[in-house]
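Okay, so chain A shows up in both of these, paired with chain B first and chain C after.
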Partner chain A sequence: MAVTDKMPELIGKSPLRVDVHGKVTGAAIYTDDIQFGKNLLYARVKRSPHPHALIKKIDTSKAEALPGVKVIVTGKDYPQRIGLYLKDKNIFATDRVRFVGEAVAGVAAVNEEIAEKACELIEVEYELLEPVFDSIYGASPDAPLIHPDMGDYEVANFIFPKPGTNISNHFKARKGDVDRAWKDCAAIVEKSFHIPQVQHVPIEPHIAIAKTDDNGRVTLWASSQSPFAQRNLIAKTLGISESDMRVIAPYVGGGFGCKAGVTMEAMPVAIALKAKGHPVKMRFTREEEFYTNFVRQGLKIKLKVGCDKDGNMLAMENTMYWDGGASTEYGVNITRAGGYSSTGPFDIPNVKTDSFCVYTNHPIGGAYRGFGMSELHTGIGQVMDELAEKIGMDKVEFLKRNSIQGGDINVTGMKMHPIGLQECIDKVAKGINWGVKEKASSDNKLRGKGIAISWKAPAMPPNAGSSAFIEMNEDGTATVNVGGQEIGQGAFTVAAQIAAATIGLPMEDIRIAGPLDTQYSPYEWQTVASRLTWSMGNAVRFAAADARRQILEMVAEAWDEDVDDLDIINGIVVSYRSEKEMSLKNIAVYGIPKEDDQGWIGGPVVGQGSFMPSYVTGLDPETGQGPRAVVHYTTGAQGFDIEIDKDTGKIEILKAVTAFDVGRALNPELVKAQMEGGMMQGISSAIFEEIILEEGVMQNPSFVDYRIATTVDVPRVMETYFVEVPQDDGPFGARGIGEHPMTPTIAALGNAIYDATGIRLEGPPFLPEKVYLAMKDAGILD
Partner chain B sequence: MISYHQITLKVNGETEVVNVPANMTLLVMLREEMGLTGVKNGCAAGECGACTVLMNGEPVNSCMVLAAECDGAEVITVEGLSHNGQLIKLQEMLIAKGGVQCGFCTPGMLISAFALLKRNPDPSENEIREALVGNLCRCTGYVRIIDAVKASVEK
Partner chain C sequence: MLYRRQARRYNTYKRKKTMLNPHPGLPEFTYVKLASLDEACGFLVEHAGEARLISGGTDLLVRMRDKAFKPAYVVDIKGLEGTDVLAFDPSSGLKIGAAVPMNRVVAHPDVQKHYPLLAQAAKSVASYQLRNRATIVGNICNASPAGDTLGACLLLGGRLNIYGKDGERFEDLVTFFKGPGKTSLQPGEIVTSINFPLPEKGATGTYLKLGRNKLSDLAIVGVTVYGFPDKMTESGFRIKVALASVAATPLMPPVVETVLSENEITEDTIQEAANASMDACFPIDDVRGSARYRKEMVRNLTRNAITEVWGQLQSRTENGLEANR
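== the complex of A and B ==
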């Protein structure tokens, strides 16, 4: 279907968010706001206190005897395994627990207190096993096996588990000849980094309510980025037909990846299957949100990079050990993404990458805004900084010389599409006044600047699809139906904007159908991977073009004119030939009467569109090479100008600047809002955040002990820029930007710390005490 | 057995009489007894600010207040900020400046900002930041929220 190429006026403007009125008045409905009446049961979870143990016996008799307890389920009831890319997880542990906090049993009772009390009364006998708390050790032959049956697990064909080990995926990339390249290098840098686990911390904790009807049909209400993936995975696992499982997903109070795939949502369903007629609500406490929810997995990365005497990159060796946690059903693909993007946005002729996803007895690693890229770039961004210094080249010049450009062949053999990374680097360098050494504001402060670049491709199955349909209403407005979720990023607003621009309606004439409901909403794979503006945007654009075509054909017939002479402007069909005009009011549903009462033309207009990339190819399992590993990359740069207090080690960001090539900024203010929020989340992860694990037990599962950035931590000056080198298959040229702004942050801040102090820390968080002690050890405080 | 208390209070200008168990928080009473679900439950531990309401003119974490303590109190929630569909300036500015993303922190943020402007009609940027330090937001990076409060100052 041809879609007109002219750029509508609404594209590149920033109309207000379509969801915002309800959100400022308290009217917007989130999952926990839905009322379920007196029949509601409350579910709580019995959890493992051990990181690794066999379950010898579970005695639920005392809990069952507690008045008010309705249902108790354990792993015995549901031996099936669930998982997105590798089915390695049980809904409730069956024979073995693999992390502290793993669900062992679920209880539904008439209130939360009784359910909680019942959990305490469940007695579990364990036989303790030797745990694994380190990913490098876990990958070694000495480590005890966490999933001895891994060889039997169902797995996607692009994931390569190594049965008989704890390695659930090994992604290899081999390009050129690294071993030969080292001798041509004039400078080589070797360094290791450790990036700890962090938590997503949506302000809305996980919540899901499930209900089974008498006929066995299940409805799940969930705070969800992925109603369709949840329907698919939960239904399949529990032996329900997908169409007999309905997922309703209201507004999401923050996701960042942790409400993608299936994390906790299968538990209330499993309980509700045994409590027919009762809605069963499971709501995580903040503590559970911290220690049982999927985490951003830890990474130990070893890097070796080299360049020639002119500063041209020659080789990279990158070995990554991802702390995948107790289950890597989602994490295996994060480590794959880390593999196929393992050079960062650099053009390097010789590359050897090994990315290992390793089971440990730590919390489960899952999708987190950026999907492996913040972790990966933490290493890459800092070794490149040192390599530039070692070869004696200005760091920005080094980045510009070596950053990947359109036409280059990347690490997996894919030809890069046109990108504006060079311009992003320029904007950031200018923004932080790069090249000018500036004085600290006082004698007890050290000042430094750092810059880093990053890239990220949507990490997803090759055929992740989107669909949309648009119904015209009697009043001439259009209702846009999508399956992609509004998680704060502005997806509904951009969908409305694309529909309005394509049909020829004013923004205020668009309604978004909601909440998402798999019974009515069109299919969308998941709201993840910065893929909605691009993928769902295409589906909406096609649906809108289809609706527009139907309208124009109807009017053309009524006026006996050519469709090519007609247009729709602000909801009015106009003819450039006859200068006739007709409002969409009424006609888009009721049609147009023929002259002299001789019948009718047209009828209710419903446009439909779908989009699925068809060109992503597989990669050779031994070399990681193939024609096209991914759909595209969004690239960009970030820089900081900071001061470090010598008395406290505290970092103050004087200026934060970022620039990304978004293809086309459909809504510039939303793009900038993503860049600000993402950069701030990156700063928070760089300076404050770490899940502190001791023997597998999280030591800081509260906002008091796990600090995230607050208003007082916002840099005084923050600048965001976008560059627009269009994406050939994006709607109006757009690419995604949701995740990218936090991916270079840790590296850029690490480089600024190095510039200020000469100290290179092994990894975040760059806490004041850590920075202070490092400065003390380095003898720069005297 | 948990005892019940009959309390009389004003919520968003309306006088309400409710029978509440002794262990019920103001948060739960507002959400579950009165259907004021604009008040959000983010941590139930007084740490995130999502449940902030005005109690007798002061911003409080409603998860940290027992409903039974509210006898005679005047409570204002996010639902009580606008009147007859007319948004207050803070709400308008939050929209105009783009200070809303997922929206879950928004009700508490608005109440804290509203309380700030009541006690200090012309706050400095530092005062704005300090007034909102107890309201966590994970989406916006706070930049546009701070801008919205600045823009709401009546000059």
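== the complex of A and C ==
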């Protein structure tokens, strides 16, 4: 499509967020703000207390007899399976429970108290089974099977389950000849790491309200990153036609991946199908959020890396055992992403990767900001640090020598597009004053610096699509309709900016249609994978160009001029030839009258655009090789200058620096916010967060003991840098940056701890206690 | 092999811990507001075992939501006579009513001037929002070993004013704590205020709290140190320590005080006192920290807190000498 090449003024500026006024004043509508009237029912869930058991019997008779109870559903009512990439989950457990907290029955009643009471009255008889709590054990032939029927499950064609085991996906990459390469290595480092499960902890817990009308049509209101994926998955599973299911998604109070795909939203729909005419509201408590929401999967990673005497990387062997939890419907693709990105942004000629997605009786692993990448890079970033040291090379020089560059062939055989990773490394190294050993602020502190690099590609099906349409209004403004969600990242603002810049309107003349509503909004796959600015941005850009073309053709006809001589500037159509001007007011809807009342030209302007990558190819299941595994990679670096208190083991971050190649920063303030926010979430997961699981039971299911970073934990100094090597198919050259800033954080901090103390911890969180006792045991403390 | 270890572990698997109710909610209860202490006391006696007092409610309501407490009656002490008093008397000291929220205590000029240690400790509790409701007396009656203000209240000589069916009585805080959540209160008794004598001349103190992050955490370990010049001791000073989160009740190891009274205070004696402090405590492993780490932290923080207080005492003494010249 012809889109003008000139760079409009609005691109690279930071206009005010379009959602800021509503959110700051409290006027913005979130799902729980919507009123449903007196027919509303409240849903509660009966949950499994066992990590692994067979359901022998469910007796709901006492609960049904309780006045106020309207509907009770169990797995018997809905035996069909649901899932994004692998259909391995039941809405309510059917014959077996697989994690503590799994839904066994759903109740709708006239109020939450009665629904809760009814849950207590439901009697479930279990037969306990041996559980699996370790991914390596789970992958072994000795482990009891968690999904004996895995062979029957429907699965996407790029996922490779191993029926008869607990391995629901095995991604293999084979490049070069690793075994031969070890002989040529002058230095080899082997290390294992364990990254525990963490959770998203959105401030707004999950909430969904479903209603079935008399015709059997279903409406779902949900705090959702993925209204279209939810419509598709829930409708298919429950035998509803997609067009008979409508999902309305107001603003989201924090997503980070946990409101992608379908997590709990199918439950209220399943209940509402049996309570026609009643809206059924299911609102999670914080405890429910902690116990039952998707988590970032745990990972056990074994790495072996080697380089020659000059510090050139020769080989990597990477074995990953992902703790996928009770269902891996989403997780299988996380482990695939971990596989095709398994070298990190390094140019390595010989690679052997095995990425195993393993069922365990732990909470379900799902999408979490930058999925797979924080975990993977925690290992890679730290072994590279040690390899550089072992071969006696400056660590930054080692990173620069071995980082992947445009034109290199990566681990899956894809030729890398141009990237600015080298510049990112330089900026971070300079930012933390790399190479200068600086003194600690006092005798009881140890100071250290660490740096790490990372990459991430949007992890999605090859054909994840976006669409947009733009309606011009009578007053000359444009309403932009998108299906991507505003989850705080600024997607609506950037969509408005792209539309304004492309049509030739001022920012304040753009309206974003909302809330998202699958009945009116154009299709968008999901708001995940840092793909909106790039993919939805393209759709908006095409829609805006289409609207612009329609306007210019109409005016050209009215003025009898050539379209190429016309332009739209600040909502005014101008001719560079005749110097005529005409405001968009009225004409974009009513058209332009011909002279002497001889009829009309034009009509309501509606621009439409869609975008879908068409070039992503499959990979060979045995070697993981193929021409193009992903759409693109966003790459970058991060560094920390820290002090460790010898008395307590506490880490204080003196300075945090990050640089990413964003292609083009369409809105620098928003990019900066993503980079700072992402880095902060990375820091939180690096030094505070862990779901402590004992025999499948979370031991810290509250904010008292699941600590997250707060404002006061933000480093004293944060610096963010953009590098801009344009993306060939991104709007104005942009690529995504939403998730990436947290992906190198754990490794960079781990490297800084190592620099300060010589201690390498097995994994995060780098709690004061772990750091202190490790220093103590290493004899560092007096 | 990892999985063998896992399998072995499973052989002894007994489900010790279960999921808490994921849908917690307040149980049904009756809120009771009475006109006088006398009536409140009578009500508590009449409903012994099924009534609980509420002041700020920051602990009570959370525990009720978790069903740890299921009182049929919640009796509000706010508004009862004397519970709202926050007063300093230059001749007798400080009185803090049971319903006075911590933020009021922290902001009070006389508290800041004469009892800065108490203000510091109170300010470390939870968050500003919580401190708008939470009270010092509530913190005390809650009797959590982790209570942040308990150390300061103990070291400053806190004395409780307790109202019961036989009238008023006083109890020194040092005898009040009997175990986690357990106190010497008898059925029907209500703590109406805590009272502090005037601070010792030249006194200073500090509270070092080790939390997991910087704001609103519980203490993994808390060390309160309070010191003042004392001509009766060998060292010329008396320095006392109170420890939080390392035993069933707040600990005040006397051995620390002894070491610092009977010896000249030097880096070595401070270290000796710190070691004694570590040896005196008996923490447990829990989700917030291991016993081993807690012991180490008691030693290090005691050393740091004493060093800080000792530094202040010395500089005050020197400044005092300057002024006398």
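The definition used in the following text is that the second predicted complex is superposed on the first by the 782 of 782 C-alpha atoms of A that agree within 3 Å, B and C clash if a C-alpha of one lies under 4 Å from a C-alpha of the other, contacts with A are read in each partner's own complex, and residues count from 1 in each chain.
In the analysis below, a residue touches a chain if its C-beta (ideal position, glycine included) is under 8 Å from a C-beta of that chain, and two chains touch if they have at least 3 such contacts.
Predicted, not measured: the structure shown is a model, and the values here were computed from it.
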Using the overlay on chain A, decide if chain B and chain C clash or can fit next to each other. fit
Is A:Ile569 touching the first partner chain B, the second partner chain C, both, or neither of them? neither
For A:Val712, is the partner it touches chain B (first), chain C (second), both, or none of the two (neither)? both
Looking at A:Ala65, would you say it contacts chain B, chain C, both, or neither? Reply first, second, both or neither. neither
Give one of first, second, both or neither to describe whether A:Val100 is in contact with chain B, with chain C, with both, or with none. second
Would you sort A:Val704 into first (chain B), second (chain C), both or neither based on which partner it touches? both
After the superposition, just quote the angle formed at chain A by chain B and chain C, using C-alpha centres and rounding to the nearest 10°. 40
For A:Thr285, select first, second, both or neither according to whether it touches chain B, chain C, the two together, or no partner. both
Name the contact category of A:Glu695: first (chain B only), second (chain C only), both, or neither. second
Between chain B and chain C, what is the tightest CA to CA spacing in Å in the combined model? 5
Same chain A residues contacting chain B and chain C, which ones? 285, 704, 709-712
Chain A contact footprint on chain C (complex, rising order): 2-3, 6-7, 10, 13, 15-25, 210, 212-218, 220, 287-290, 292-293, 296-297, 300-301, 304
Spell out the part of chain A that touches chain C in their complex, as residue ranges. 44-45, 47, 49-50, 100-101, 112-113, 116, 119, 130-134, 136-138, 140, 142-143, 285, 287-288, 291-292, 647-648, 688, 692, 694-695, 697-701, 704-705, 707, 709-713, 767-769, 772-773, 776
Residue numbers on chain B that touch chain A, as the complex places them: 31, 35-45, 47-48, 50, 77-79, 81-82, 87, 91, 94-96, 98, 100-107, 110, 128-130, 132-146
As the complex stands, chain A meets chain B at residues 14, 16-17, 19-30, 32-33, 35, 200-205, 251-256, 285-286, 487-490, 669-670, 673, 676-681, 702-704, 708-712, 714, 718
